[in-house]
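As written, the chain order gives the labels A, B, C and D, with residue 1 at the start of each chain.
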């Protein structure tokens, strides 16, 4: 993750892109080999080359030797569960203010894709605490973190947060669990008032339950959204979107714990009101 | 941007949220005052309170005292130009691998909204170089950075990159200018092969020109996308999207410079089929 | 709605478009006058002109004299309630097979916007039955239909369908009411098995309740969707979407009544997995 | 397309839906047979049954006997080319006022999917003229129309409209050809001023060229849009969109021919203007 030198070195993560857009992400080791259906590449032959070079397999197929993009690293993680997408991850980082030096708590770890993104974003000065109840998932996440050398930035805990969290005054806390609405008492107890809470939920039913639970548990400033990402075909003379796209990953819900005072904030002011008429767009 | 203490201190950035959802972002100073249409709050009265507390103006109006979200800080910047949105910024950070310790080059600075996001994301160990041709915009950006204490992470340059860039081997470079397709020779010369290039463009015509220019200038792996963000009304019993939304901010274009070899990568395999090349007629 | 002659006649509906895109829809009558903030136009002066002509107010402002588009007629209806949009109407017509000669039942009438679209689509050989409980709404709808000369194609009924419908073996039935899930027993009794049922619902909570109710009442082949319509600015050199758009009008739900047999169709095969049934808590 | 009787008759189009959602659309004939991988159904056994009944193959598999939806009929047409989708067709019908009694001109016919929708919508009192240059496509379209008994509502012409159209004063004209911008002189000559013109274009480049061509050829009131249709999974306890969706079919362009006067209408008033800043959605 640190800045790279212009020439490839042992220990670098590298990405080999074939013209057919198949991408291989590898850790360069003395004596290592990459086997592809277009032939074999020896790691030793790649060392010292400038990044961005064209390199060749023993069958003569060409590949571009590139430093890996974060998106590729996240997608390259082995996983057993539904993952979070870069479109959602980027928005969560910015909305919750997760950056260099942040101290972030997460549950559950799952296969560690989001944990990896968090560990990357908080940098060497930050830290991530991640709870998980399934040992197999935790092991998978640990391996995924180790592959990228990020394991020192993360404390993996094998505990059910339904029994409470060990931490207190946590500023940033994210839940990727099926029932976040059942865990808000524990979450509130662990968080600093005024902190940033977020979760991702695949269904509208869960979002409804979550809003009610946030209200009961002294969370305010609730924001709910979804992000749609559409790619375009990169043909300058025939510019158009791709034929198909991802229609849904999850609803993002953000809220902030507060200290209850005399005048509770209005969370959903439009409740029980008629929907206002929607005027048509005329431009 | 650093981790905050549970209690408010002088020098903290604070956000005061009224129940009507009007938000004020202020820097807490001895003797400071916030004037609102709901009354006055003295900074001194806020010091030492726990974050998340309810506080009151001299007219008795209540506000929540919260640490500001990054999104609020970005939106709070004074600006003269179209800004970049959190939905786009988050995706750019993740896609281009901009994080703690990154060294990023940007042009143009504009009002500094994206510069601020970059300075925040690279952390104290990273650095941002930002080019701008208009002195008034550069001054505005400097003030916006200073308000958040991020000015030391950014080198502001008053230069037209059409005349070339001072840097070389830059790994990450982003253009937010009207004509990036005219500047790719200069950009390529400044970048490390294998690095990450990106730009944002409001119109489809610009995207078409950009794809052609990237092809001519040894950039490959072109990705084009747009991000749609839809908010929901936070009513648990009447969950539905808001009535209106932002329909468009800009198209995001990503590409990577490579070292030309014998077998150029296929960028757009379907070119030259059916349609004659059409550059837009006048711009 | 019938085919028009190339020259404007008394009794024609006409649309006057100013360059500023303000549109007036009028019925041309002997001695009639259109008052605009750009001056007055006498209906008599417009008779005999070819459609598509430029005409002038007494102040010299120019207007284009056009036959009205259906979309304009629907938007021109006076209304007191949330209306249905052309994007939704067109999809409903095609999905439910509403066309020339169709016999369609609707509840409630509301301000008659959708009733008008139905009356237009079924033609002189078809018919629309429309139920409404509020006399004021029914009167408004009647006036809107009369303005377009479509009142003979519609039977307006002032009745609550909760008490049952007068019709049976109805092939096409659409509900635009707040609680369609409470009325499915009555709807099923009125419909021909194999017919086409549809409704529009603004909230996700209503959709959830509707799916359950359809299942209990022998409706199958449930389809749920939403339609997003995005306009573009018509500038050939700066092609891009408009800045803002309508984010949501309603969810469309379609289903078909069947005769219960031995092997009930599987409506939602993944029910009872993972999540307990959650009805929204209060409505 | 006419209203159906409650009981199935010879000559009816019928749809057989299996629980696995595989749908067969057939014309019921004496002695006819439907072969499925779940067994055989004899047409004669279906006659006289009420619509909506459950029927069984010789292997005991159950099917629902339903009148076909228009969407099914359009999708069931054999085709060699990209088709138009119900989401686009419905919006075109409503926007261009295509309904009972309409007289519509179309080019090119293609496989006749849109021709079929037009023939259905104009009813027995309306008519469709459809131009095509490829005899094989015209034959395919004729067969698709005959299958639905709609051939008498359509005049198929084997001619290139680049050489001019036989008709004049046409009120409604739609182009589904790759180069509509090259044909506007011919189209304008055939149309009634004030009429409704539309086309569908897959790429943004074509849209840009089209806007310019419309401007040069006395078409005004240009509207450009795209329609996104997203389906939901019909599970009441886990309501959420499907995982993937169609991202793009085509851009719809609508315009209206006018008689040139002294003051030409402003087609794209925002040309050469700065884009206005886009304010953020805050609700």
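Criterion: a residue touches a chain if its C-beta (ideal position, glycine included) is under 8 Å from a C-beta of that chain, and two chains touch if they have at least 3 such contacts.
Given the structure is predicted, the values throughout are model-derived calculations rather than measurements.
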| item | value |
| --- | --- |
| Copy pair chain A, chain C: interface residue numbering same or different (half cut) | different |
| Pair joined by the larger number of C-beta contacts - B-D, C-D | C-D |
| Computed distance of Cα centres, chain D from chain A, in Å | 41 |
| For chain B paired with chain D, centre-to-centre distance based on mean C-alpha positions, whole Å | 43 |
| Between chain D and chain C, distance of the C-alpha-averaged centres to the nearest whole Å | 19 |
| Two or more partner chains touched - positions in chain A | 203-205, 207-209, 212, 230-231, 237-239, 275, 278 |
| Sites on chain B touched by chain D in the complex | 21, 75, 79, 81-83, 85, 202, 204-205, 207-208, 231, 233, 242, 244-246, 248-249, 274-275, 278, 280-281 |
| For the chain A and chain D complex, residues of the former touching the latter | 202-205, 230-231, 237-248 |
| Residue numbers on chain A that touch chain B, as the complex places them | 1-4, 6, 17, 19, 50-54, 62, 64-67, 69-71, 86-87, 89-97, 99-103, 117, 120-126, 169, 171, 192-196, 204, 207-209, 211-212, 215, 220-239, 251, 256-263, 265-268, 270-271, 275-276, 278 |
| For the chain A and chain C complex, residues of the former touching the latter | 178, 203-209, 212, 275, 277-278, 280-283 |
